[in-house]
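A, B, C and D are the chain letters, set down in written order, and residue numbers restart from 1 in every chain.
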Amino acid sequence: MKVPVKAEARKQIGVIGAGDCGSEVRALAERVGREIAKRGAVLLCGGLGGVMEAAAYGAKKEGGITLGILPGTLREEANLWIDIAVVSGMGHARNALIAQSSDALIAVNGEYGTLSEIALGLKMGKPVVVLEPGWKIEGVHRVKIRKKP
Amino acid sequence: MKVPVKAEARKQIGVIGAGDCGSEVRALAERVGREIAKRGAVLLCGGLGGVMEAAAYGAKKEGGITLGILPGTLREEANLWIDIAVVSGMGHARNALIAQSSDALIAVNGEYGTLSEIALGLKMGKPVVVLEPGWKIEGVHRVKIRKKP
Amino acid sequence: MKVPVKAEARKQIGVIGAGDCGSEVRALAERVGREIAKRGAVLLCGGLGGVMEAAAYGAKKEGGITLGILPGTLREEANLWIDIAVVSGMGHARNALIAQSSDALIAVNGEYGTLSEIALGLKMGKPVVVLEPGWKIEGVHRVKIRKKP
Amino acid sequence: MKVPVKAEARKQIGVIGAGDCGSEVRALAERVGREIAKRGAVLLCGGLGGVMEAAAYGAKKEGGITLGILPGTLREEANLWIDIAVVSGMGHARNALIAQSSDALIAVNGEYGTLSEIALGLKMGKPVVVLEPGWKIEGVHRVKIRKKP
């Protein structure tokens, strides 16, 4: 007998952060990506480098699914660990889509672009987690991550 | 030994058509969705009803992956066969994202919204297939589908 | 006594067409822009060259107001006859904003980009005029312009 | 002799702030709008109520020009002091268009939506002024306004 067809409709967790970052932040983002995948959620990000790349890599290491919402017009701009790419062609305005499409957002470091996503997420009523250090904005959940032993 | 990590980066095929349609068009859209999934591509659509729903259903029947780029602000508006939802909140402007994110577009029937996606796809240089009958626009590949015996 | 303050809230008429065009089409677009300005409406367009530039030029010749909704991220890309520029940075997705912001659309020639705007305008229930020759789409008002003597 | 045709291409100054605010903030926003108009710049805002409305009112009082980039699909949602309306239909993603279309941004109070516009403006390299009190973000110019005597 055929198993009933249905979509997976997993939770979608957005990981936001700078497109360029050092090795420590990168390691942290990778851990975040792994944990998201382990829990069966889709990792959603902006699809580019830095935190986005490390988080996607972490998710793929655990067999997860990754979605990148790119600012440009070329899928080739996605990092190597993006399964599904939305090629928005709408530049920074795509930040609103990242926030709106996420069930929750996790910020790993990041600068003004990340701040805009935090703000949009809060505006939309999404849970927003900021890993310390990082933007201190009223309404986010600040979390301190212990270094791995 | 660990298998090397990498993204799947499957082809993404957009299926476009009316959000409300009769049973014949629905059956056709389902067949299109099934064929896309059989070939290992991701089915991309607008995530709502009608052709979008039937195509997504077809893809899931074959174990495929489905991506819906929704016009509204609620994931709940996605049909039941959407695995991954982009909640764009940008109304008709999301049609450009459907076209830009697809490696090729297949139009099943459809009205003005579909026409806008056909036009945007052609503008972006994407291959656009129109199943007969359907919009007659220079530059598309018109294909006649025989009914199943 | 102070006259009561209020916005002008003029009609906004979108002129759509190719970003590159010959002198005959250019002359026609200029006439359209002039007529829009003479009637006190704002000329809305995509802000770039060709039909958009000629229409804006015509409107300014008659002392009108021009609004350009640009696809890129630089105001400098606007043609010289754009008073007010919306710098959308969202590429082809800005076509939806042109359609949505216009009380009516007038297509002067044009290719796939124009077709997408015609389709979006019709989808949104806007009156769409196509000057002959030009896209033949059910639902538009096709108008034949006599050459000036 | 005919005066040479050209666009006005005035500076465009974005005023951002909450859509709902008290009378003190409203008075401040009105003053900001007046000063923008007095200097010959276009007042750009989100077109709705609160700070956006008060700033537009101030600009019109001084004979200025006002541009509203609305989140919704209806021009009727614009406040009464918007001359030219961009009906974006793209919700919060329109915040990026406000930032990108402004030569500089002035924040009058405001909450998360305003914060997203501040962040996007800084990301795009725009000068961003925040009137005290208001968001304290590195990189903005914080300005204290004395109450009128």
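Going forward, contacts are C-beta pairs under 8 Å (C-beta built on N, C-alpha and C of every residue); 3 or more make two chains touch, one makes a residue touch a chain.
Remember, it's a predicted structure, so these values are computed and weren't measured experimentally.
Ranking A-C and A-D by contacting C-beta pairs places A-D first.
Counting every residue number used by either copy at the chain A-chain B contact, over half are found in both chains.
Separating the CA-averaged centres of chain A and chain B is a span of 25 Å.
Between chain A and chain C the centroid-to-centroid distance comes to 39 Å (mean Cα coordinates, whole Å).
Between chain A and chain D the centroid-to-centroid distance comes to 31 Å (mean Cα coordinates, whole Å). Along chain B, residues 73, 88-93, 96-97, 100, 124 each make contact with two or more other chains.
Residue ranges of chain A in contact with chain C, taken from their complex: 73, 88-93.
For chain C in complex with chain D, the touching residues are 5-10, 12, 42, 56-57, 60-61, 65-67, 69, 73, 75, 78, 80-90, 96-97, 100-101, 124. Of all the residues in chain B, the ones that touch chain C in their complex are 90-97, 99-100, 111-113, 115-116, 119-120, 122-124, 137, 139.
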